[in-house]
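You will see two complexes here that share subunit A, one where it goes with subunit B and one where it goes with subunit C.
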Partner chain A sequence: MTTLLALPLLLVVLVGVLELGALRAVAYRAAAAADLATLVAVGDQDQIELARSGNLRLAADAADTARDYFARNLSATAPALAASATAIAASADIASFPTAPSFDPRTGVRYERPTVRLIALVPVKTPGFAALLMPAVTTLTIRSTSSPR
Partner chain B sequence: MKKCTAILLMSIALLSSISANAREPLDDESLPLPPPPVPDPVAFVVPPGVYYVTDTYVADVVATSDATTTYSTTTVHESTGTYARVIDNVSTGASSAFDGMAFNGRGALTDGQALAGTYYENFVLTAGGYVPVSIVFFQDDSETKRRQTGSSSAAATKAAATSGAAVTSAQPVTSAPVTSAQPVTSAQPVTSAQPGSIIAPPPSSKPQAPIEPVGPTLRAGISLAPDGPTLASAEVLRGRLVQFWPRVFVNDVAVPIQSWRLLSAQPDHISANAGSTQPLTAQWIRMPAPGVSWSLRFEIFSLVAPTERLEAQIAITVRSPALVD
Partner chain C sequence: MRGWRGDEGGMATLETTLMVVILVPLLFAILEFGWLTQRWLAQDGVALQAARYAGELGGDRPELRSYVQEQLRLVGIEPSRVIVEVEPVNVAWREPVRVSLRTDERVAIPFLFATTVAVRSTAVARGEINR
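Entry: the complex of A and B
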């Protein structure tokens, strides 16, 4: 009798744990996609500035490069997302700070090196939560910042 | 139905709860205290009117066209990471509390009146907030001489804004160092020069003593482009191929080189140890140890003086992309 009564509760706990685990996995993959995108973006040096002053300045299209690679990397997680990878990357807040020191007005952080910063909202399907009367889509906030050191 | 199910499940969960037999942790078991909160940089006191600098002071310019002499300031569109604000606007002849405080000074018209212009205060953003570092004066004035009378009196008039004008033969007459800014070369696009203008000496310039002729001076250097400026140091990304051009100058005029040879180097890959007209191509894969600086040292012979051995050196800083916490 006790088992019969506890079974629904166990099912609820099981569904919640599985959904949370899946959500964590998607979050890790999205964070890795963002990290790799910003790393690629800061790996491109402005050759004209290098020849002129010898200083490292990021390429002018560093933010576009980060956005492009973020969409590509995120496409591997597309089945779990509630929006297309391209749309998520297009709406991401990606800022390039080609020279240093610089000040990020959004985060309040001061960068000592040329930096690319990415902040993206990633909507993830959570059908398990929906079965528990919770939102069917959970939005994750992904942040990544890279700089040549 | 779903609500009823949820209420039922919640009731079962609450009714079947038991005590957890928890206890208070001992003092030595408690987690370490979190670090004190870092003050938010945006909470710093921001001086009123401060803005991010996108155009950097280069030099004062005095240009004469017909009977009009224009006093202006050249800038270069470049962000140096500093901040600035306007602290005073002064008209011709008017005194200011900041006179004598600007690193580039405040010039005067031919009749001795101080120039009109604007004083700016420069700041750098540190962990402690905005720190003032210098004051610069942007002169913006003009005067017209009366030719018929030959009088030395001049009518000073406020100069019109000249931003965006094309670069002409006007040259900076002063070379005051640019504080909190990177070195600016003559290849930079400059603004606020007058078309067809010529150079007039600054009012405060002294008569120059005759310069005795000297022999040609040879200088060697390393540049990162065939016609680029010679550099003392360069920041390169790990894994990238970078070309280094040994160059020789006679009285600051580039001359062809005969040969070069690498005397010391630490690149992981180099195209050659010696060469003539071809540059050295180098690549760094490994990162230097902390506190260790790398450099490339060249021995260079030029066609102008084939027997004279010249040396040039460039310091290398290898950087690698990394995530920021």
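Entry: the complex of A and C
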């Protein structure tokens, strides 16, 4: 009798745990996509400035590059997302700070090197939570910054 | 008195049967799900690093294959079970390079099913060699 009574509770806990685990996995992948996007963006330097002064200065299109590669890498997680990877990348707040030192007005951080910063809201489908009368979509906030060495 | 004892014994048998038939598959489902997720994330990490390295090398090179094998071993995945694809083979400067890894993992839940799940990881980086 105890087993029969406890079974619904056990199923609720199981669904919640599995959904939370899946959400953590998607969060990890989205964060990895953001990291790779900002890394790719800072990997490309202003060649003229580098040849002239030897200083690192980000390419003029660094923010656009980060957005493009964020969308490309996020698309691997597309089935779990509640919006298209392109739309998520398009709405992401991506800022390039080509020279250093610089100050980021959004985060209040001072960067000592040229930096690309990305903040994105990633909506993830959570049907398991919906079955437990919780939101069917959970929005994750992903942050990433990269600087060249 | 004898009747009561008989009922309790029957109830205990029923509960044990339910536990074995329902709880054991549930327990294995949790274990298999966790194990599969761990594999997926570990393989994903290797794909990301490999994509960056492919960008640095300029595409699919023997060094990249060796690096992928080494990284897979480090995360506990047998490299011979992983299919590695790099597109394009030679990547131009500022062009995208895609590294895809795929493993077929066996998932078995007692009393329910046993199947093979394809675990795929893909990462896209950019060519960094100006030829």
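The rule we apply is simple: the second predicted complex is superposed on the first by the 149 of 149 C-alpha atoms of A that agree within 3 Å, B and C clash if a C-alpha of one lies under 4 Å from a C-alpha of the other, contacts with A are read in each partner's own complex, and residues count from 1 in each chain.
One rule holds for everything that comes next: contacts are C-beta pairs under 8 Å (C-beta built on N, C-alpha and C of every residue); 3 or more make two chains touch, one makes a residue touch a chain.
It should be emphasised that the depicted structure is a prediction, and the values quoted were computed from it without experimental measurement.
Novice: In the superposed model on subunit A, is it clash or fit for subunit B and subunit C?
Specialist: When both complexes are placed onto subunit A, subunit B and subunit C end up side by side without any clash.
Novice: Just subunit B (first), just subunit C (second), both, or neither: which does A:P123 touch?
Specialist: Neither partner.
Novice: I'd like to know which partner A:S102 touches here: subunit B for first, subunit C for second, both or neither.
Specialist: first
Novice: For A:L133, is the partner it touches subunit B (first), subunit C (second), both, or none of the two (neither)?
Specialist: Touch status of A:L133: first partner only.
Novice: Mind working out whether A:G16 is in touch with subunit B, subunit C, both or neither, as first, second, both or neither?
Specialist: Neither partner.
Novice: For A:A32, decide between first (touching subunit B), second (touching subunit C), both and neither.
Specialist: second
Novice: Pick one for A:L5: touches subunit B only (first), subunit C only (second), both, or neither.
Specialist: first
Novice: So in the superposed three-chain picture, is A:G43 touching just subunit B, just subunit C, both, or none of them (first/second/both/neither)?
Specialist: both
Novice: Answer with first, second, both or neither: which of subunit B and subunit C does A:R52 touch in the superposed model?
Specialist: first
Novice: Could you read off the angle at the CA centre of subunit A, spanning the centres of subunit B and subunit C, to the nearest 10°?
Specialist: About 130 degrees, rounded to the nearest 10.
Novice: Please name the chain, subunit B or subunit C, that touches the greater number of residues in subunit A.
Specialist: After superposing on chain A, more of subunit A is contacted by B.
Novice: For the superposed model, what is the least distance in angstrom between any CA atom of subunit B and any CA atom of subunit C?
Specialist: Across the overlay, subunit B reaches subunit C at a minimum of 6 Å between C-alpha atoms.
Novice: Go through subunit A and flag every residue that touches subunit B in one model and subunit C in the other.
Specialist: Common to the two interfaces on subunit A: residues 35, 39-40, 43.
Novice: Show me the residue ranges of subunit A that touch subunit B in the complex, using the header's touch definition.
Specialist: 5-6, 8-9, 12, 35, 38-40, 42-43, 45, 50-56, 99-103, 105, 108-111, 113, 115, 133, 144-149
Novice: Subunit A touches which residues of subunit C in the complex?
Specialist: By the definition above, subunit C touches subunit A via 11, 15, 18-19, 22-23, 26, 29-30, 33-34, 37, 40-41, 44-45, 48, 51-52, 55, 94, 96, 120-126, 128.
Novice: Which residues of subunit B touch subunit A in their complex?
Specialist: Interface residues on subunit B, with respect to subunit A: 2-3, 5-6, 8-9, 12-13, 16, 40-42, 52, 79-81, 124-125, 127, 182-183, 185, 187, 223-225, 228-229, 231-237, 240, 242, 314, 319-324.
Novice: In the complex of these two chains, what residues of subunit A are touching subunit C?
Specialist: 1-4, 7, 10, 14, 17-18, 21-22, 25, 28-29, 32, 35-36, 39-40, 43-44, 65, 69, 72-73, 76
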